[in-house]
């Protein structure tokens, strides 16, 4: 799993029905110094807003299980909002 | 998931029967600044044309489920056309 | 699988229930020279502390099976503490 | 999926029985300009020869399904020979 | 799949029981020129020794199937010893 920061969202009207009513968030993937290093498009599950630091899981089965689905075209999800990061 | 832009297509006559009649699109993977950063070959599911910005899912189970299949040699699909990208 | 070193942990109160009571450790991924090269957030399964060298598996099914689960939003786990690394 | 070019093959006598009689091809992965950018070892399914441009799928379930198997230690396969690449 | 070269092994006494009695080998991943480019920790299945060139599969389901298991925290295995590499 990775630490990300929500930077925006994507609007897609022609899309698979799974995405109807689901927020597609653009998340910068953060490196260990908190700097952006790539991004992913993740479906929000916790009400994360732009600027928040989040936990991202990028794995299809995890993503489907969070939605209680066995099928669904999804791979990355925001699974948590990160309150603090404690490193030595 | 990633944001991509369709840049062309691949013609393959000697191929697995799954691909008969399916469009194999070359998609540039876009970075957060909208610049190409690698590519993937994805099967189209939404009628995306060259130059369009699309949502790409690169995961085998997602890809098969979009086609209603439990088997099938496929990993990347174009699952949506992106209308707009809103970032801070 | 990769060799990692635990560098800290992440606190996330708004999160999927799976993570309740589970330690989310920040692990530097080490290269062959033992230098950090990226990181992952992994769930601890062996009581690894900050500074310890660990074995990390980054695969959803492996991760779920360690917890005896068939579902669960998890991909990376610390599966062992490394005592020594012997290379030529 | 990726575009590759077959550059050679690997001979392995001590190996898992799955590979008995199967050609293990070395394939350069091509970037969007057709230049090599990494490689993979893929099992041939279409009779691809050295120098041919091919479609490569690097996903375990896809690979097993092409061989009609539910088990088998395989991840990357050559699934097609590419006749032409049309880009703007 | 990738070509690797065994460079050592990892000793881990506090670990998941799956790893009891199994050799955790450090394998340099080789590029097309035979130079090291990253590494992985793989479980040996063919008696590979330090310095040998090997075929590595890095996929959880493949890895479990080689051991005849449906569960098991494993992703990378050494599945063969490479005798020769023939490239143009």
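The letters A, B, C, D and E name the chains in turn, as written, and every chain counts its residues from 1.
Just so it is clear, contacts are C-beta pairs under 8 Å (C-beta built on N, C-alpha and C of every residue); 3 or more make two chains touch, one makes a residue touch a chain.
None of the values given here were measured: they were computed from a predicted structure.
S.K.: Mind listing the chains that sit against chain B and also against chain D?
M.R.: Output, common partners of chain B and chain D: nil, no chain qualifies.
S.K.: What is the size of the turn, to the nearest 5°, that moves the C-alpha atoms of chain D onto the matching ones in chain E?
M.R.: 70
S.K.: If you average the CA atoms of chain C and of chain D, how many Å lie between those two points?
M.R.: Whole-Å distance between the two chain centres: 32.
S.K.: I'd like the Å distance between the centres of chain C and chain E, where a centre is the mean of that chain's Cα atoms.
M.R.: 20
S.K.: Spell out, as numbers or ranges, the residues of chain A touching 2 or more other chains.
M.R.: Residue numbers touching two or more other chains: 60-61.
S.K.: Going by the touch rule set out above, what shape does the chain contact graph take here: line, ring, star, complete or other?
M.R.: It is a ring, because the chains touch in a row that closes back on itself.
S.K.: Can I get the ring sequence of chains, opening with chain A and turning toward chain C?
M.R.: Listed round the ring from chain A, with chain C adjacent next, the chains are A, C, E, D, B.
S.K.: If we count contacts the way the header does, which residues on chain C are in touch with chain E in the complex?
M.R.: These residues of chain C touch chain E: 1-3, 31-32, 45-47, 55, 57-63, 65-66, 77, 79-88.
S.K.: If we count contacts the way the header does, which residues on chain D are in touch with chain E in the complex?
M.R.: By the definition above, chain D touches chain E via 7-16, 19, 24, 26, 28, 36, 38-42, 50-51, 60-61, 64, 71-76.
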